């Protein structure tokens, strides 16, 4: 609890940071996941292992990287390996407990699209593509997703399966021979979602402070399910907010000085 | 030419050293090949790249290693890579011009046995096995073999195909889909042998000084072919002998001091 | 040693129209100077391979040099999309390009397989993903021991790979350190390899297990201080983040792009890179 | 950190009868102390994996602990044959052992595949060689792009791997340097991993691309100075070549072997290793 005001971006990052644990080995996507992972490291999980796909293992950046391969990540890492080794030994080898992803489009089963809007061969918008995500989604022990809600990105049907979440739900992952858990948490600017045990549809389990069910529904392109025992996400603490803001400020200064 | 006396071991090592070139990248077996490769480096080919399967690339040992992984090899190497990388990128990747091998048993087609004497399942003598040799024999651009002649080791039929030379001769390599040249030179304590262009049978092309055809035939378990234009191997030069003897002396001191 | 040459010759003697070429670098050590030289020499019909095509490939695509792009993540790192690439894919400007799209795991494994002299890479990948349906180069192979179906992609075997590295010794042995990406693999997978370096030193004087490319794996080395700008060279200078942000604006407009390329690439020289990193030096 | 323990516990808590186990080291950094502790604890029915089984595996085989040996080169490096292993294979003393024999390339690839979480390794190997006819674990796989037949072997997945390394930091991150062999792969391929180190330091303080195993890849670390003897630890002490020569004589005779093992292994302690390398120190 805090007397400081906070915005929904801050709430999202802090809520996402809380779901990580000290002994997690986390494969970090750039952007919102990176902020959340580093806030976790700077608050309750000082020994968390952060891995970026550029090959940096156990990195402890003082400022958030702008790219996945900033020098800061290497300077503060335990070790830096080649990219083939990163994908073979560390990701495919099953060493990563949590893959932390974001998305351009997400559906209710945690399937992710960062490839195209529209048809693949004649796209309306050609997005960057999957990068590491297709194998992050299948090789990490579980997947957390963090992104802001909007009708444009929370869609009933994604245009392309960049990364497989729970597919069409149920035991679809197992039927494809995927042995990892897939998306187990979704942290947005409005709420925390978990997949329904049976259907695997993402269900709102906790609303952030002062957020209504309507706000959640109005920013999502499908009929939202809410948990029976819907909780309220604890507000950011003063410490969480200070850590996040100082991190952002250090980052701003570092990246504009040059 | 030299006034120094030399023995047949020295003649073998020096003759073997002469067949290497300054721009060769040589995968070095321990023992006789190692001595020959280092004499080449210390005489006519100062820039030759020597690779040992322990991962040392471009090594320049001051004394001969006792094992394939002596610290001296790493201390003087350009770089030392992991063993999987050695076998994947450097050997299988086709980067090695010459593989220099020895053998327990050799036949006239350059096939090598270092696995067993007798039956595989009930061996008379269990030898160490192939180590790197099976893939050295197929991945290096060509193979040089150096070993002392004896009826026990130069046999009509080897007990086990540890490494494939020219198989049953002719185009047997190509028929198996092997694209490299295989054994192109055999340097012994008595002679220099090359495979016949057609049959691929090893043929004596040069006798070492004072060696007779009879000596060669009497130490080999098959009917030996001699080239029409049989040459005499030039005697070791004073420099070659001095370099080899100094190397052996440094090696003796280094390995007995401890 | 004849391996050392100037960038113009290094590029003209090793790159040809219709080549399959990789200019590799994973955010760090991106060979911008070499790519700009290739742009100045106006090569055509190139198949461009890269895990993370970013500004330089946006530039080459915008200049009409690319027939095909083989990639896994086409973005301006930390900024957004590649606007010249989008214009080619969405609007065929300046002409259409073919796309062969993979995941990072597939691309990294394909380089690794190329360096290993193998015809294909085998890995656990693409499970449930959409790319196998749109990329015929993604096939599968069955483990003969467990029956598991694994992904297979062809090995990358570029005609030529370009990389930037921190330094070479006088024999031409090259040291890369920091985020080393797939550059060693890209060099070893290629028929020819060109390296630009920050400097040449008497001895590399580094750790016994450092990432070193022996001189006999390299076709040509050109000394180009600052040659990675606006990417960075660890231990020499920092990433020019503002240049990446600026590129987003330049690439948004065809005319602005064309005039920027004329001024900063076509009418520029390799020696210009040194001045671009003066304010970013960190040693 | 709980990861640090004594060698006796490290071995007893991580090794079991019937386990598949690798004590790895490629001439350098061979985990002799850990192997001797395993001998003292009298494990049975082990499947021993190693590229280069040498003196320690000769000892374990001679002590009757091995059910099976998976290997590619079974020699006393620089000296000759392994006489205890020969006695087991040729004369079934103290009992017969199974043999699964590979090439170095196959073994290295099998560890690499194990570390990579794959069920099998794929490489170009065994062309024309005799081993595929006597080892049913060697199969083939066909490249779906070129039709080339490649060799396939099962990935190594030891229950536990033991290695020796130069040092750990206080969190338990481990540094290996010099000839690093297949140890990183052996650790990452295994369910459990035990490391003996020369010393623990505040900071590893090394090159950014050095071979480091993070603490969370390791089950237990025991500090055993000299723990590689008669193998060596680069930067600490040299190889004891005379001990390898001596072994050839000891292993030649069953009684001499048995009494030597009692005196030097069964009745010895991990702490004894430190004194064995005093005369070999090179720092």
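Think of it as A, B, C and D in the order they're written, each chain with its own count starting at 1.
The definition used in the following text is that a residue touches a chain if its C-beta (ideal position, glycine included) is under 8 Å from a C-beta of that chain, and two chains touch if they have at least 3 such contacts.
From a predicted model like this one, the values you see are computed outputs, not experimental measurements.
Chains that count as touching both subunit A and subunit C, per the definition above, are D.
Of the two chain pairs examined here, B-D and B-C, it is B-D that is joined by more C-beta pairs in contact.
Distance between chain centres (mean CA atoms), subunit A to subunit B: 57 Å. Per-chain CA centroids place subunit B at a distance of 28 Å from subunit D. Each chain gets one centre point, the mean of its Cα atoms, and the points for subunit A and subunit D are 40 Å apart.
For subunit A, residues that reach two or more other chains under the stated contact definition are 74, 80, 88, 92, 139. For subunit D, the set of residues touching two or more other chains reads 112, 116-118, 123-124, 148, 178, 180, 184-185, 208-211, 234.
This structure has the following touching chain pairs: A-C, A-D, B-C, B-D, C-D.
Of all residues in subunit D, those touching subunit C in their complex are 116-120, 122-124, 137, 139-146, 148, 150, 152, 154, 177-178, 180, 206-211, 234.
Of all the residues in subunit C, the ones that touch subunit A in their complex are 26-28, 51-52, 71-75, 77-78, 81-82, 85-86, 89-90, 101, 103-105, 108-109, 111-112, 123-131, 134, 148-149, 178-182, 184-185, 211, 232, 234, 238-242, 244, 279-280. Residues 30, 53-56, 65-71, 73-74, 80, 82-84, 86-88, 91-92, 115, 120-121, 123-135, 137-139, 160-164, 167, 172-173, 176-178, 255-256, 258 of subunit A are the ones that touch subunit C when the two sit in their complex.
Interface residues of subunit B facing subunit C in the complex, by the touch rule stated above, are 23, 25, 47, 49, 57-58, 74-75, 77-81, 88-89, 92-95, 139.
Of all residues in subunit D, those touching subunit A in their complex are 112, 115-118, 171, 173, 184-185, 188, 208-212, 214, 216-217.
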